[in-house]
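When the chains are written out, they are named A, B, C, D and E in that same order, and each has its own residue count from 1.
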């Protein structure tokens, strides 16, 4: 028995949920960024699965674009993280609360 | 080969961005290179392209459509760009920002916004969204030496990335449901499925909605807004509060009122409380703010709520209202941030409400301009803001969303309270310090502000031309 | 012509109020006197013309312009002279002239501008009073009605630096306004019911009503009007302002608060005789209120020590008589009493003014005494006035008072008649008490004068009334003697009859057989009333001339009654405690600080504070932690999806 | 013959004046020029309003001097102005009071004279605009636009708590009017469902049939806006604050003209547009009005501050106006319109007097004064006449209006009239008590002993007011005549509309 | 089927471990493992080109970038002592709240997906989509988006440079933290 589309989608959903959870449970900017990467990958899995189900190349091609976006976000995100670390010598997001209320 | 016409405005701006980068790269340190004019040329080119393309319904690759709707928003974005560049000069000067990169990023972001407004494909919309978002993230944090600026950029970035993941997930489901990312195809498939929507429709709809709601800072997706607005350089705040909003709303309207139009009853039911909460939270929390930029951030949230109201109404009036509102909001809010920029000093940001005390004595013209902008934001005639609000509320009344309209008008009264706080400071509270605490006004920025003030009066007193344009814009696509 | 009568004093007012401070006192006085005398002359001419007309058709009408038009409502400024108003204008301009003349001397101590101000007010008063009596409709009458109230306010408070004076003026105005409330409602009801405010139109309409139709509305209308009358004419329960109004200069008291303005209520009832005649219920109330006022005011007058207060209560009492007359349907008797009373009461006030003037402002009778030799003119004229008011024939008061008593007796109002007779006793008694205390007995040497009062500079030597005052006193004294004779043979009544809508056939009119029966008793009653008057004089003579200690003993043995009377039945205090203070306290503590600030404004501000407070709370969610923000976004996602999946 | 757009020019002239002032350098020594320009402009406007009156056909019930231009045709919005008898006199009143207000603050405003004059002129333009608009949208634009100059006038040139008062004024009135905006939109929408096109044209909307239930909501929205502006009890609390803190000119215009907008709105919009609902709510409005009459008077009585006293007296006086309107008969409405004019004159005059006193003594507390009659006899004489006019002495203006209102109210509901008439007593009480405490008695406060009597400028301010009070009291028909046909037309409209509750038009 | 579960389990467990780690270096490494598992799934989905790209670009490039930054900043351990901040909303609350929300989201997603019905069917027996086909689509239908990514990359590049470049203008001293 072959896994169905739904199996992939469920797996993708689980990974996506893990990613979202990661944004909250970790107090480390790097890990938070990693969590977002998990979310994007989960979406990628959905795309490929949908593409497979539809029988076209579109799903896969979208994944390439998503990877590009992920790379761009990672670059900028890490640059910001570096900038922040310079200011506060910390990677804890809760350190950065001078803007509030 | 598909026609390239539809992407000409975007190309103009992107080319100007690249030119700005190159110019910066070939400038020796210390040499002053006029980079801003490059951007102006690009934006003017985009504007001319808009004029030339008007009414032609050009389309490129089937992915980008230069219909009147998109062109109207492009026009707004051109105005946003021009005004932003005009008010950026003093900020760059004072903060010592990297001029070339600054303008390049801004122009790229505008290019992304234009693309977002004209794209008819979810993937392109997503890419455009990322282009503009990344540009704006960086602009937010461009004051590297300022922890606040970096923090703002970080928050904006993190939440933006978080939200775009949801958005992307929504695209994935849409793709899975319809087999395409093109809006026209999605629309026809959805229309066919609308009578028997599957749970996955709801996932797609909900997640896309969340993505847009984040970009237009609707409650509860708004929390990045005050922090990012406060931390960013004021010119950037003005730019993003208007440009991002315009682009995001354009795409929002396009996606939800064309592709997802068949499911309107469903999504408007979900947007209803969001719009209400946005208007209420934006104004109510704005009341307690003591920082002008932060206050305007909440105001911007509230204005997003009014735009959502127009979107929910979904009728022809509402669509026209979105366009008109975006235009006036762009002029007005950029004007207000322009004044904030001009009042900034490197030593002190002068962005607390209390800093405005006695401005009338020191800078009567700036005080008057600020008053005009604030009153327009508050929706007083004969300023454009009034017409815009009236337009939105008539859409809501027509669509039968009377309670939302009531919330809207009442919150606009509350919002007047905090706009007036600044007016009170400027006019009715004596300033304690010497006259020289505010820097002098550069000519270009000053002229830009005066022009936008005049435009606000024009739109407020003789709005019919632009109302007709807006009406014509929406009639072409929906 | 009629307009001229009112215009002359108005012109005098305008001249004196505009240029008064720039012209000499003599000129100001001359202008004022000239204006009123001219007015008097025109009045006489007008009345002469009227008298020359056929008796049933005696009326001169002049419409000046249309004042207010609104839909079916229209009021013309129309003046009408008929027998009733002719009596009134003669009294007003005639006695008014005398009082103007008297005032030129009496007010001589005032500075130029004050002098002019005084005369301008006096002229203005005359103008309004003339409008009141000449007006042909309720609304025009009301113009005069309010106008004289204003002048009363201004003149009572003439010495505005004295708090008591300005208080009294204000009180007069406000109490009058309470009456006006009733008057206005009456007027509104009349217009609503009859569609017109013209006296004649209304009378005609009323005459056609059957008693059943008439009863409810007319009773209500007349009651409202009567409320107005009680205010203006100082009847129970609104008489309290009149004694206080004595704070004004004495000639003002004579003119306004004795002869003319206070009789406006009586005049108004006479003017609407048809209306009242059709409202027996109201008539009874009028009669009862009038009698009660007459009696109670008389009792108060008995124990007052201020010479003007005695006269003031006497005025109230006499006004009560007039209302009694009106209430029993003896309209012409009431008007007749009004007319005679104008003479002798003006005389008495002016006489008292002469005394006060002579004594440098002293008003307390206990500090007077023995003045009859020093002030002969004053004494003799005052005595004439006193006899007249006491009702001794052949003086004026006798005729009119007797007529009232007779009419009430013959009308079957025996109880009212009895109280009237008792009041007559009181009248004679307190008036002679006044005379005895003031002019007889030992002289008090020291006269600590009120420093604010005019004339204090010459308190050390007494002098009798100067020429202008003397003229006025003498003329009025002659009038007090002779005025009564005009009624002999019923001429006066005949003359007035057309104004009351012809011989009354209404419910309170005299029945033919009653009249016949009454005829025989008239002489008996006349004798009785004279006897009562003499008895009153005798009592006064005993207690206040022969044996003054007895008076003190009386006062002590009835100290309770005496105190109550001295404090005017505590009516002012009761009003103050029951109305004035509660209103003030409720307004200040209850309405203003309680409701307005405490509730309404607190709600308004509360809304703002609620928004502000909510804002302060909500902003705390914006904690600065990016994860809270992300949680918010996430929460939104979950909510939106949840909404879709679980709806 | 009137090809000349006189109504437009009435709005444009003050705006033009303000623009001219904008280019006058804001120096201290230019104050004279600034004041002169402003005064001349406002006098020109007044002259033009008189011209308007002169050319007005008083016999016609129709709107005259109509101008109509497309404005936002997509929504049926046009620039549509015209006057009938009701608005004509209010326009004249505006023209009359503005120069007086300007002159009245000639010396008390030292700071920022230029801005002051500009705001006054802009305010005048907006006020005239409100009265002449026959397009609901245009009306609302002016209605809202007027708030801004008034806000600045109170906030900048006011007294101690001016900011609180200014903000309260603006927010309170705005909160009321925004719901009206929605109702206006709803009307236009109903028009479009009935006829297929939007319209904000008042005359077209008059003919619109609206279901009674809808009328109720619309009426409430309109009535709330107007009730706040009037202000009707219990929406009045902004008024004392605004009045007390406003500079003299602000108070004069606020009391004289601004409050009239509320009552004008009831007459022009709320009642004729929604006759069935008006019928339903008239008793409630009238009850509130009567409560306001008595309540305002009682509260006025105990005020220690003259301006506050006059402010509460406005609550009382305007209660009469609303009562007259609620009566919906000729005398009631005509009296109400007349009373609007009266109140403008007499309360405007009172504020001028109080302003003169507070200019001299820098206090408005009654207890600070006393015995002024001795010191400033002319001022006190003027004070007296205006006081009398305010308490409705026959022969002066106040009486005519009050009497007609009471008459109208009495024919409608005698009980209301009976209660309202007690206002006659109470007004005498609080006004005379105040007058006595300020002017009579000895001069107890040394500071009062050397006060100057009326200055020449003040004569120019106060004499027209007094003249107007007398003129309006003696020859009221001069003013009532042009009002009557318009009121009749409006009454017919309301009565017909209420008599036959029309079935909602559906297409 | 077995492979699907195997790769799926690896991906899920690795991802869970990523967010359970306090040391970011381990997180990064575990994420690479997760990506590897994913690329296996891509192979199962007959998308070998994506699988390869996943390894090369994602695991190879992006993760290395992360690793580089982690090393650069030399801050391997998560700090926990910041929990004492005053604001209650900043305490572990959002942490738990976020986790709960994630669970709710998962429930929602699964609920929706398991009701999808038609998607429960097996994949059509299509051929592997060739790299050639992908390339062709990429440079025809997707040419424009492809060009847009160039813009994206330029922006990201410029942005990263602007943000991360050491500030030479003011001597690079970090500004004191604002309260």
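Basically, a residue touches a chain if its C-beta (ideal position, glycine included) is under 8 Å from a C-beta of that chain, and two chains touch if they have at least 3 such contacts.
All values derive from a computational prediction rather than experimental measurement.
Chains that count as touching both subunit B and subunit E, per the definition above, are A, C. Relative to subunit C, the most remote chain by averaged C-alpha coordinates is E.
The most central chain, judged by the distance from its Cα centroid to the centroid of all protein Cα atoms shown, is D. The pair with more inter-chain C-beta contacts, choosing from B-D and A-C, is B-D.
In whole angstrom, the spacing between the mean C-alpha positions of subunit A and subunit E is 3. A separation of 100 Å divides the Cα centre of subunit C from that of subunit E.
In terms of their C-alpha centroids, the spacing between subunit A and subunit D amounts to 64 Å. One finds 38 Å separating the Cα centroids of subunit C and subunit D.
Contact with two or more other chains is made by residues 9, 16, 19-20, 23-24, 33, 49, 53, 56, 58-59, 65, 69, 72-73, 76, 80-81, 83, 87-88, 93-94, 96-101 of subunit A.
Within subunit C, the positions touching two or more other chains are listed as 608, 619-628, 630-631, 634-635, 637, 641, 645.
Looking at subunit E, residues 87, 90, 94-95, 97-98, 101-102, 105, 109, 111-113, 116, 119, 145, 149, 152, 155-156, 159, 161-163, 174-175, 177-178 sit in touch with two or more other chains. Counting only pairs that meet the touch rule, the chains in contact are A-B, A-C, A-E, B-C, B-D, B-E, C-D, C-E. Across the interface of their complex, subunit B is touched by residues 26, 70-75, 137, 140-142, 144-145, 147-148, 151-152, 155-156, 162-163, 166-167, 170-171, 174-175, 178-179, 181-182, 185-186, 188-189, 192 of subunit D.
Residues 154-155, 158-159, 162-163, 166, 199, 202-203, 205-207, 209-210, 213-214, 219-224, 226-227, 266, 270, 274, 281, 284-289, 414, 417 of subunit B touch subunit C in their complex. Interface residues of subunit C facing subunit E in the complex, by the touch rule stated above, are 620-621, 623-625, 627-628, 630-631, 634-635, 637-638, 641-642, 645. Within the complex, the subunit C residues that touch subunit D are 17, 65-73, 113, 139, 142-143, 146-147, 150, 153, 157, 160-163, 166-167, 169-170, 173-174, 177-178, 180-181, 184-185, 188-189, 191-192, 583-584, 586-588, 591-592, 595-596, 600-601, 604, 608. Of all residues in subunit D, those touching subunit C in their complex are 168, 171-172, 234, 236-238, 295, 298-299, 301-303, 329-331, 334-335, 371, 373-374, 377, 381, 388, 393-395, 399-400, 403-404, 406-407, 410-411, 414, 417-418, 421-422, 424-425, 428-429, 432-433, 436, 439-442, 474-477, 480-481, 484, 488.
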